[in-house]
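In the part that follows, the structures are each spelled out as structure tokens.
In what comes next, chain A is part of two complexes: it sits with chain B in the first one and with chain C in the second one.
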Partner chain A sequence: MSSIIAEGLKSVASYKSALIGAAIILMLVGISIYTVAAIPYDEAVRLWRAGEQTWIEAPRNAYPTWYSYILQKRLPETIIKDSSKPELGVNKVIVPAGETIKVLRIEMSFAFDYDDIPSEINIFYTVRYNKSAPQITMTWIKPDGTEIELRKFNPGSDGAYYLSVDASLASREVERLVNKFGQRPSYELTPTVSLFAVEDRSILERDTVTVMKGVYRLSVEGLLLDPQSDFDLKLVVYGKVYGWAGTDHLRRDIGIALLWGTPIALTFGLIASVSIALIQMAIGAVSAWFGGVVDNFIQRVTEVFIVLPFLPTLIMVSTLYKIDIWTILLVVIILLSFGPGVKNYRAVFLQLKESQYIEAAKAFGAGAPRIILLHLVPRVIPTMIPAIVYSVADFVFLEAALAILGIGDPRTPTWGKVIEDSFYGGALFKGLYYWTLQPAFLLLITSLSFALVGLTLDKIFNPRLREV
Partner chain B sequence: MQVKRIALYLARRGIVLFLTVVAAVYVTILIANMGGYVDEIIKSEVLFRVSTSVYQNPAYRGLNETALKKLVTELYENEIKRLGFDQPFFIRSFNYLADALTLNLGRALFLSSDSGSRNVRIILMERLPNTVLLFTTTQLILFFIGLFGGLYLSRKYGSRTDKIVSLLAPFSALPGWFYGLFLIIIFASVLRILPYGGMVDIPPPTDRFEYALSVLRHMILPIMSWLIAYSFFNIYTRRTFFLIFSKEDFVEVAKAKGLPEDLVRRRYILRPTLPPIVTDLSLTLIASWTGAVITETVFNWPGVGRLFYEAAALFDTPVIVGLVVIYAYLLAITVFVLELVYAILDPRIRIGVS
Partner chain C sequence: MTTESLVRTEELRIYFPVRKFFGTVGEVKAVDGVNLSIGRKETVALVGESGCGKTTLGRALLGLVKPKSGKIFFDGTDLTILSERELKLMRRRMGVVFQDPYASLNPSFTVYRIVEEPLVVNKIGSKEERREMVLKALEEVKLNPAEFFASKYPHMLSGGQRQRVAIARAIITKPEFVVTDEPVSMLDASIRVEILLLFREIQKKHGVSFLYITHDLATAKYFSDRIAIMYAGRIVETGPTKAVLSEPLHPYTQALIDAIPDPDPSNRFVMRKIPPGQPPSLVNPPKGCRFHPRCPFFMQGKCDVLEPPMYRVGVERFSACFLHEEKVTIK
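On to the complex of A and B.
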């Protein structure tokens, strides 16, 4: 048997398409090993289920970084400046101005050299005081010197200032532009746009508004009214690209799901196809060998399972028990163990049963288990391999399909999960194609590579096919 | 003698098929009622209905709290008895089975038809035409593409077209709905010339001709996605099938006799391969009846597959059992008819060689 396999491997090499397929499979296995080693499963699940807090500094629905090359323009990346972490361009000074009162001054500056306006701006602040909260004034200074007062307030506790959705700032900005150009902007101007746009008439139209490049500054002045009082802030200017895979509607890095989807898809596909084929073969062998009542019973059970609709039954079971992906795998195996494959294997075994070497084994007094395991099964395994390899693709897609129906494992990040999210996040309506296409592409190359290898193996192991 | 043997054979097969249907439906009932969960839902719904009706009935307004509660319990127990819930599940499951097998499909627990009916039969009949329209059409097109493409290629074996089809066959490893995603992106999102999904424009056109046109427009993408997904593989397998058959000895003999190629193809290749092809076609058409859950989800097509999914997600047992029982009956009848045809045609059965 080993010689058959060695022979097979040699002929696989002579098919170019199978080589490509095998190379892709190897690459996916490599990615899986890397992923499992680099991001532990629990960590991946935690990151994927973490919600806004973990991902608050990542942009929402950001493109993958390589989009910049395709669009031939530099899309903004996320810029973060933190006053509690001094660095170049971040200055924080506290000067005493009386017995208890101190004056706080924070200056942040960053160069903005991108070709597009950022997606969002948030300021997160922490504050410390005994009795009276500090008075804070924040001013935005554009590269051309335009000063815009953002907000004047007394922060009572730690919090966030969601600058992009500040309605009062938005209306003050519109007023400022009306005073400057004598005309209202023809669209709904958001603070993000007005803080980053070139200050001329182009800002009045949505289609002409352009980004102003240069050094931006955020200047914060504050009165600290207690001796122990302190104030720090973190400015986050969200970009339009993030990582190599972009982010979804919950700001999560899609890359995590794409990476973790690989080992899950491969394991799910391989375990399902191998174990189902082996079980079906075993059942077929028993059915063919014993015949009579056993055969009859197995055939009837198989027919019952063929009548049962597979997907709806699976949906029922998984909705009822809210099961995780490995239990789903088990249910899939149980439901398909008595599938139509049993009938095919039975037919093959019925033919083999009559062959002379089996008769010889019987004459030597070999028992049923011995003949089935040592003489029948090894003869059939080479012919099964192509079908096993080919059907891996089916199960990879089954997992994705369950996720798209919303009944997959909700905890585990998988490719199908990302596609489902992208559907409900309206990716296809909003033009966020990367969101759907990246996991789809991975699904495509995975199943295609297994199919290529499977079809080639089929030609090799079934000589009748090789002739034609 | 011959007729008697065939009749005996068919009777035996008929009984076996019927028992298969019974078993499959019973298993479905067991799964769909899993752990008595569905019963609990029904019971709580009944309790809710009974207590609202009692508390809102002006006739009972004079009664005090304990009397009202007693009344509710009494009415609830009556209702439970009326629904047959006082019996253990084991006995009830056979009542369900009997109802299902006599096509007494009953009322849905949660789902209702667009016209507002809870009758399972009406719900089903509302979805069925949609699915038949889309998937039976698709399967028929696929079947004929496969048949004629396969025949053509088996003649042009080794040609460039043959090589291209063989090369494209592995792309059928991706399911139809998956190609659907790409088609939606191309034709709906980017080009904006075809709808994202659904069956008809909203609001539906009042004119009959416009209505049909709108439905056709909505059918283009789902049908296209299936054709792209399965055509090449269908052609490829049929071609291989015909090629293997054309290498059979009796075909070689016919060729050696010098029979015209057309005759060889018709009488010596197509005729013996016809039974498996017909079986294939009939089973595919029956299966197409259950729709395709995921394709219907992706394209938002209001068919039986979607209904199956909705029912499974809501544990609407009557709807699930109704769908399974109809499918099982249709499948069994199809298999039986096929066996009847083969019993008449197949000499082995005719003369009683087992």
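On to the complex of A and C.
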């Protein structure tokens, strides 16, 4: 058998399509190894399940970074400035102005030369005081010098200023533009736009708004009324791209799910197809070898399982018991162990069992286990290989399909899960194609690669088997 | 009867159930009351039409099918009452060569492993000893150089070479008895003689007893000491090969020989045509003598009523036909 397989593999190399398939499989395996090594599974699950707090500094529904190249446009990336971590462009000074009163001044500046307006702006602050909360004024200064007072307040505790959804700021901005151009903007102006747009009449139309490039500044002035009082803030200007795969509606990096989806898909597909094939073969062998009552029993059980509707049963099981992906795998294996394959393998074994070389083996005294393991099974394995390779793709798809139907494992980041989220998030409706298409593409090339290799293996192994 | 017989059957019956949906609807009486003995160092040819039960009889002698009734003695031990374990030990002393050299070798094994396998199974010798034995066996069947052939797979060999591998496998455990089931019928005519010569050589050298199953009278004549003619599950005539072929006693044997179209000087006894009529059904064999529907000497009220016993007709010659009734005494 080893010679047949070795020869078979050698001739695989002479098929171009198989080489492409094998290259893709190798790549997927490479990705899997990298992923497992770089992001531990628990960490991946934690990140995926963490909720918005962990991902608060990531943009929502951001495109993958490579969108910039496709659109030939520099899409903004996320900019973060933190007053507690001084760096170039971040200044914080506290000057005493009396016995207990101090004056706080924070200046943040950043260059912005992207071709699009950021998606969102948030300011997170921490505050410390004894009796009286500090008095804070935040001012936004655009590159052309336009000063916009954002907010004046006494922060009583740590918190966040969601600038993009500040309704009062929005209406003040509309008013400012009305004063300046004598006309209201024709659309619902958000602070994000007015803070980043060129200050001319183009700002009045949604389609003509242009980004003002240059150095932006956030200036904060405060009165610290207690001796121990302090105030720090973190400015997050959310971009429109994130990572290589973008983010979803919960700001999560889709890349994590795509990366982790690879080893999960491959493991799920391989374990399912190999174990189902081996179990079916073993059952078929037992059925054919022992015959009689054993055979009858196995055949009836197989028929019951064949008529049992696979998907509905699986859906029923997984709704009754909230199960994780590996339990789903187990259920799939159990449901398919007595699949139609049993009948095929039984037929093959029945035929092989009667062959003269088996008779010869019995004649020189070989026992049943030796005959089955050494003389029967190795004959069947080459025929199994193409089928196993084919069905890997089927099971990868099955896992994704289950996730899309919402009966997958909610914990584990998988390709199917991303597709499901994208459906619920209205990705295609909102034009967030990357969200759906990236996992779909991975599914596609995975099944394509296994199909290509399986097809070639079929060509190689099956005619040879007919011949020998 | 040969005084010292190695293999002997007594009223051996082997029936296969005929199944239909649920339950058994009848039985194929593949072997139905066979008495056959094979002496030490003797070659017995078993000749008959296709489907008359030759292979089944051969398999039974190896303990590969359980008989319905009767006994099979191998060197005095009744195989039919042995357990599977004891049978395995006995099988070490037997070998088998099948008809189809393409089907009788495991295609995923090398020649070396194929020939070594009986030794491994029977736990004979150390690894080095086994290697020596395998190479010697390959040399013995004229697969030279042995090392070269040992590394080959069956699909790399010709039919004749494969059959030699099968022979090497059959003789590796130094058996006393070898069943060869039509070992040359699938081979090219030019190779047949070589293989048969090889059998003869092995027999001379090791003193092996052979059961040579064939439907080719020419090779039977060439190769065997004694011949047994089988018809529909029963032996109808036995005797020294030359005598039986030159002077057949049973009408069926006569018909077999007459069916040879061209008895030219080279005596090519090749069975071209079966005697007129159809071989009978083994599920419902004819009453009385099974050959009576086709027999030219059919005697109404006798042949279709009574089963003819084996008559002794001369030295070492037996025939189951009522024609001998007056001439001879019952065996």
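In the analysis below, the second predicted complex is superposed on the first by the 463 of 468 C-alpha atoms of A that agree within 3 Å, B and C clash if a C-alpha of one lies under 4 Å from a C-alpha of the other, contacts with A are read in each partner's own complex, and residues count from 1 in each chain.
Simple rule for what comes next: contacts are C-beta pairs under 8 Å (C-beta built on N, C-alpha and C of every residue); 3 or more make two chains touch, one makes a residue touch a chain.
Keep in mind the model is a prediction, meaning the values are calculated, not measured.
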item	value
Dominant toucher of chain A (residue count), chain B or chain C	B
Which of chain B and chain C A:R379 touches, first, second, both or neither	second
Chain B versus chain C as contact partner of A:R370, first or second or both or neither	second
Touching partner for A:D200 - first (chain B), second (chain C), both, neither	neither
Chain B versus chain C as contact partner of A:M316, first or second or both or neither	first
Contacts of A:K362 with chain B and chain C, given as first, second, both or neither	second
Touched partner set for A:L437, first chain B, second chain C, both or neither	first
First, second, both or neither for A:D158, with chain B first and chain C second	neither
Overlap of the chain B and chain C footprints on chain A, listed as residue numbers	467-468
Contacting residues of chain A [partner chain C, same complex]	1-4, 355-357, 359-367, 370, 375, 378-379, 467-468
Interfacial residue positions of chain C with respect to chain A in the complex	59, 62, 64, 88-89, 91-92, 94-96, 98-100, 103-108, 110, 117-118, 121-122, 153-155, 166, 169, 173
Complex contacts: residues of chain B adjacent to chain A	16, 19-21, 23-24, 27-28, 31-32, 34-35, 37, 157, 167, 169-175, 177-178, 181-182, 184-185, 188-189, 196, 240, 243-244, 247, 290, 293-294, 297-298, 308-309, 311-313, 315, 320, 323-324, 327-328, 331-332
Contacting residues of chain A [partner chain B, same complex]	17, 300, 303-304, 307-309, 311-313, 315-317, 319-320, 390, 393-394, 397, 401, 404-405, 407, 419, 428-429, 431, 433, 436-437, 440, 443-444, 447-448, 450-452, 454-455, 464-465, 467-468
